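To keep things simple, chains are lettered A, B, C, D, E and F as they appear, and every chain counts its residues starting from 1.
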Amino acid sequence: MTHPQASHNGNDNNLRYERGLAKLQEIDGEGGVKVVESLAGIAPDFARLLIEFPFGDIYSRPGLDLRSREIAVVAALTAMGNAAPQLKVHIQGALNVGATRTEVVETIMQMAVYAGFPAALNGLAAAREVFAADDEKSARPLAEPRALVETP
Amino acid sequence: MTHPQASHNGNDNNLRYERGLAKLQEIDGEGGVKVVESLAGIAPDFARLLIEFPFGDIYSRPGLDLRSREIAVVAALTAMGNAAPQLKVHIQGALNVGATRTEVVETIMQMAVYAGFPAALNGLAAAREVFAADDEKSARPLAEPRALVETP
Amino acid sequence: MTHPQASHNGNDNNLRYERGLAKLQEIDGEGGVKVVESLAGIAPDFARLLIEFPFGDIYSRPGLDLRSREIAVVAALTAMGNAAPQLKVHIQGALNVGATRTEVVETIMQMAVYAGFPAALNGLAAAREVFAADDEKSARPLAEPRALVETP
Amino acid sequence: MTHPQASHNGNDNNLRYERGLAKLQEIDGEGGVKVVESLAGIAPDFARLLIEFPFGDIYSRPGLDLRSREIAVVAALTAMGNAAPQLKVHIQGALNVGATRTEVVETIMQMAVYAGFPAALNGLAAAREVFAADDEKSARPLAEPRALVETP
Amino acid sequence: MTHPQASHNGNDNNLRYERGLAKLQEIDGEGGVKVVESLAGIAPDFARLLIEFPFGDIYSRPGLDLRSREIAVVAALTAMGNAAPQLKVHIQGALNVGATRTEVVETIMQMAVYAGFPAALNGLAAAREVFAADDEKSARPLAEPRALVETP
Amino acid sequence: MTHPQASHNGNDNNLRYERGLAKLQEIDGEGGVKVVESLAGIAPDFARLLIEFPFGDIYSRPGLDLRSREIAVVAALTAMGNAAPQLKVHIQGALNVGATRTEVVETIMQMAVYAGFPAALNGLAAAREVFAADDEKSARPLAEPRALVETP
């Protein structure tokens, strides 16, 4: 991963940048890195700001655990319904920081009440894609045979 | 509280209705009851459906704890920004099921990243109103003098 | 009602303007006139455009009856949830062109499925206000005692 | 079509489920069935809830005819603009319950006034796809040669 | 480009139509023409209305320069996030009427503050596509080697 | 104005904070200060972040003049339609950095095309309030007698 250029604030924001980069990798893993890299050609400064503010400033705050933060983000992006790529990154992010697939699915289903069934259906379609890619990557089709969702 | 008329499905949905009503009272307390009562004159059937589906069907599901469900709802309503009365009910609801004020505030601040600063600012204004009403009601101004938010 | 200034297109749009003004009065009645008047001090040209395009061009088209057009508008404004004043004008508009109160309420309830319960609840609150104002105006509290909605 | 598992409410909701399933097939036909089937692997309970609440509870209500309900849904989904797959299902649904192509097109055009031209343009693109698929399926290219829309 | 049929207002709107068509071509160029052509089979009247109202009435007004109008549109479509095809047309449109690539990118980045980072990221992805297509078309890869954005 | 507490990053962000505060005062004046002050009791850290990121990082960037940035923000907030208080602050902000009343009104009218007439009408109502408050404050009712908008 190429690192966005140093901030035009001189060294002042190095701490935020380093903290944000670590947090981005902890939460979004590969997906987050790809988002940052995709900005290199068009708006490299925005890559830096994305690391510094959301990850260096917000996700790094105490007061709310990362799993709850990611559940909040999955809920919001499902409800807004206009940011499918980011929703997928954060469904994976929720799993990365300790949410179960069931918890992700329940969060999305809950949105049927607050943003309507189409929003929830499109959220579930995103989850299905993420779970399938995750299964393929980890080559553990036997470990979780088909109980993708432990419905009651 | 006047109870909405029995379902036109006969007795079939009594179980869902009773379960939903209990869940509504557990989560939203007085605020939820007021919402239901406000529907009496205009759409009493909708009051019944509101109890049966969101509360009897969705909130009653296992797989995601109530505190996480309410954090998801506070996040989504803050992000959508077009349902201020319901956001207030659910900020109180989040507190009712075990979220702290700090967790509610952090959830709303997180939305600055995903839905913009105006959405977060309006969510914080709603939280301020709910916290103030809650303080007044419980007459415990000394217990939490002014550390509404335990910022780091 | 003061008429917005003549179009800067000379007389060319008089036909659309006259047709639109008649349509506005047929559909939205007093509420529509108030909207136009409110624009006099800030954007009088916009009042003219509002009459010409939505009412002169769109509502005047054959191919869909006015009652269906107003049901579509009530549905959309309820679902979007960010235009309460216009929603109220069009709830009255739907009644003006032949929809019943029950049809308006059912249209709004239907939005719970597509845009979530908060959107529907706020739509019903708008309908309650419009129906109450309408009752007061027509002084017919006895004619429809309290069966505002003929629920099954 | 595989049927989602019986409700965890025991037999209580069988009536709603059966009524909803019949209504889903009446309105959305094949498109609705596909939506339900797509949920099998990720959230089978949501398939059941989708049949029970929107179709068993809402669409089955008296007070508003199905054609008007579908016009309301086409309007709302066009205006919201973030649920293209569901918009297509309901454009077909509107046709299935008696709306004409012209009525669907006029409903979408009306949204230019309330949600902007981009929303209407994207709605018309969805309608073009649905009409084309419908033409292909029914192999009746001669019956309606090209007067897709009977413009004045 | 096939011209939509004459208005059903007789000749009255010819002036608006001609003025709008010229403005559409000035601003959106090829992209605008394609939008109009795409309507031929589904809603030819809407093509006419699209030329007359947005371009003949609004864009033709004095009081705000075209470059500012296009910056406003790029901002709004980025923020709404549900009209990707139109956003691309207007990113090109902004360039056509004198905005620089840097100005377009800055406008989109500004939306991170008001509509969230996902909206801005998707806007930047749209800009990257438009700039790449524009580079290919003009075969001027040397003129602007890679300083797509003159970051500080 | 009470200053939010020093950043938990130690002195590192002082530069961004000072630069942001100056920019906030330049653009939003009194309205911006009030927003920051309103956060003191509920989320003082958010006041700091609001100054650092939007104003210290984004508004301070070269590449797009402040007047264009504010036109972009007025357009976006009008189009989104769910942040009336912030829209008013930025209508005043646009005037503060050199946009004319006519330019603000034209920007809002332009949104009728992209987000619908209700969004534009509510934006114009916000502008009317801001212009009236501005007139009162400057006690210059004679200077601009009633040509609030220099319509053609």
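Worth pointing out:
The rule is short, and it goes like this: contacts are C-beta pairs under 8 Å (C-beta built on N, C-alpha and C of every residue); 3 or more make two chains touch, one makes a residue touch a chain.
Computed from a predicted model, the values in this text were never measured in an experiment.
By the document's definition of touch, common neighbours of subunit B and subunit E comprise A, C, D, F. Chains that touch both subunit D and subunit F: A, B, C, E.
When subunit A is laid over subunit C using CA atoms, the rotation angle comes to 180 degrees (nearest 5). Interface of subunit A with subunit D: the two copies contact each other largely through different residue positions, with under half of all numbers used appearing on both sides. Put simply, the chain farthest from subunit A by mean CA position is C. Among the remaining chains, the Cα-based centre furthest from that of subunit F is the centre of D.
Centre-to-centre spacing of subunit D and subunit E amounts to 31 Å, using the average Cα coordinate of each chain.
Each of residues 45, 49, 53-54, 58, 61, 77, 79-83, 86, 105, 109, 111-119, 149, 151-152 in subunit C touches at least two other chains. Residues 79, 111-119 of subunit D are the ones that touch subunit F when the two sit in their complex. Residues 80-82, 105, 108-109, 112, 116-122, 124-125, 127-128, 131, 146, 148-149, 151-152 of subunit C touch subunit B in their complex. Looking at the complex, you find that subunit C touches subunit E at residues 9, 12-16, 45, 49, 52-53, 57-58, 61. For subunit F in complex with subunit E, the residues that touch the partner chain are 53-54, 58-59, 61-64, 68-69, 71-80, 83, 86, 102-103, 105-107, 109-115, 149-152. Of all residues in subunit E, those touching subunit D in their complex are 5, 8, 35, 38-39, 41-46, 49-50, 54, 77, 80-83, 85-86.
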